[in-house]
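Alright, structures below, take your time with them.
You will see chain A twice below: alongside chain B first, and alongside chain C after that.
Now for the complex of A and B:
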């Protein structure tokens, strides 16, 4: 019965209907991904944070997320799923689920990545895929940034004196690379007005018509020339997207572009009230 | 047939060398993956030569990682050669060398 029905319907109009259904489903999938990715940006004491992801296709495989921990720290993750389009987007959702559940039950970014790899390893190997992620805990009280790395590029640190910082190298294998991997943590202390830029390779590998890549140097230059005192993270984000867009011109975007910016604000805590003597 | 990539295979006894010319990315990985799948059980060592590789993306990296896992399952060794500084940094960052080191240690 089904076969007969199918053969009768299998003409041009049926193909059109199937194409339209597929288009509608891809749009819905894009909506789901946009909603999940672009959640509200958390409010963190003495610092500002923002995130942005621009997929190269309708949907993408880049990922960033924030998780506010009960102790007041902010857990940040940024990642890049192998491949592009719908397959990468499906694995991005898997990554998000693994991060959300690991973030709740682990003490630091190293443990988070270890738990994520344990949860995802078999699935990723079965699908011959992998995910690179960098996970960081920002403590606004002590200004310590602790991070662990699963095959991702390290963040760029920009100091207000127009200097680039040199974050301690944290190396680790991509998620899905090896079973039972333990991810080590590194940490650094930030100062007021310092900026941290987490990013994916879609930025540094953005290409112009001449086939040149945007590269890390241009990103560094853009950050240094725009990271003025008091500038808002949203404005810096806009400067970066404008710089990439000016560089690539009419050239089609090849890879997903994602960044997370964290800026340390002036300490506005009224410490005098804590130090006032009890009379 | 993909104009962006050419994979040449050279067999010498138990050693199979794959010369990757051009771009190894999302749109070109099939010829490389096909060669990996065709490696038979008599091969003890696979050498991948990247001297003429102009670009590799995450999908291309995935193919290399799969080759290393395949090598562990089928018990042959993988050697990567002709790697330029940029690709070396990429392999270092994502952990390709650590995977080779770890899986080949287990195999030995």
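Now for the complex of A and C:
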């Protein structure tokens, strides 16, 4: 009896130790992901950017990143790895590595996606997984936004006169879908005070207790009613998260929620220098 | 929760899926549906009662179609709802699994 009791107690404490080790490792993994995901938001001329990702579980599979190019452009990426939790988080790290190395050596977002697909295709097929991403280059000098799409939702454009823009449709197969995929680029010019909202489907598919989805309409309404002139991107971000939270109420978050906001500020380039006489 | 019903006709199988095709359906698809459908030369999967497919569900579907095709059998998908088909189009699913799959 004593032996049995002792043995059970032993098993119990071994299980406790294993659980604690697992918990500790998940916390560490979460820290790694949070540190890698929430890097510094870059400072870009005449514009403001912000990014936010809220995982549905302890760690998530959504991804966004910024990369400042030597020519002053900002390369933005937002993506959603298939699945949730730890498996998705592992693939998200793979995606980040592929983006960082592709961003350095490719000319535009289309080339970046082609390089990422080439780098990740075999691994993703082996793992029966895939990733949707949208990659965009923002040129603050010309105000041109060029983008390419690998199965992701297009960004929402909001003009300051409370109108939604209509970004040219860019289609492309998700990363890991087909080998040797070439991604076509589309572009548009933004104006002062325009806002671009890149997002993942965790926002539009957020559910309330009645089983209703938040949907694109609510996100559009939220953006239109909050994009007042001069408002900071962080404040818009907060408005969106508050709106989703009010909609979902006590309902548990089903999917990771991620967004990147880009706002064109008033042109602050010091043009007096151009007009000054050369002495 | 995902459920399915089926009817066998000789070497063909008609499957009706019911419910969201998402991560919660992994066991139903991988452990119950997949072992069954790979032994028929013709399989049709009806999506009329599938209101929602997320990225995990998309992965399950792609794997299911790949597995059936790998055995040399044919698979078709029918009655996909408009809202679900929009997601399929966004992901260019027909390019990945073949346009002939959708009937």
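Heads up, the rule we're going with is that the second predicted complex is superposed on the first by the 263 of 279 C-alpha atoms of A that agree within 3 Å, B and C clash if a C-alpha of one lies under 4 Å from a C-alpha of the other, contacts with A are read in each partner's own complex, and residues count from 1 in each chain.
Following the convention adopted for this analysis, a contact is a pair of C-beta atoms (placed from the backbone, for glycine too) under 8 Å apart; a residue touches a chain by one contact, two chains touch by 3 or more.
Note that the structure is predicted; figures quoted are calculated from it, not measured.
With chain A as the common reference, chain B cannot sit beside chain C without a clash. Within the superposed three-chain model, A:58 lies out of touch with both chain B and chain C [touch as defined at top].
In the superposition on chain A, contact of A:239 is made with neither chain B nor chain C.
Applying the stated contact rule after C-alpha superposition, one finds that A:69 touches neither chain B nor chain C.
Looking at chain A, you'll find residues 80-84, 128-130, 132, 151-153, 171-174, 177-178, 201, 205, 255 touch chain B in one structure and chain C in the other. The part of chain B that touches chain A in the complex is made up of residues 26, 57-59, 61-62, 65-66, 69, 92-95, 98-99, 102-103.
Across the complex, chain C is touched by residues 80-84, 128-130, 132, 151-153, 171-174, 177-178, 201, 205, 255 of chain A. Residues of chain C that touch chain A in their complex: 23, 52, 54-56, 58-59, 62-63, 90-92, 95-96.
If you check the complex, the residues on chain A that touch chain B are 80-84, 125, 128-130, 132, 150-153, 171-174, 177-178, 201, 205, 255.
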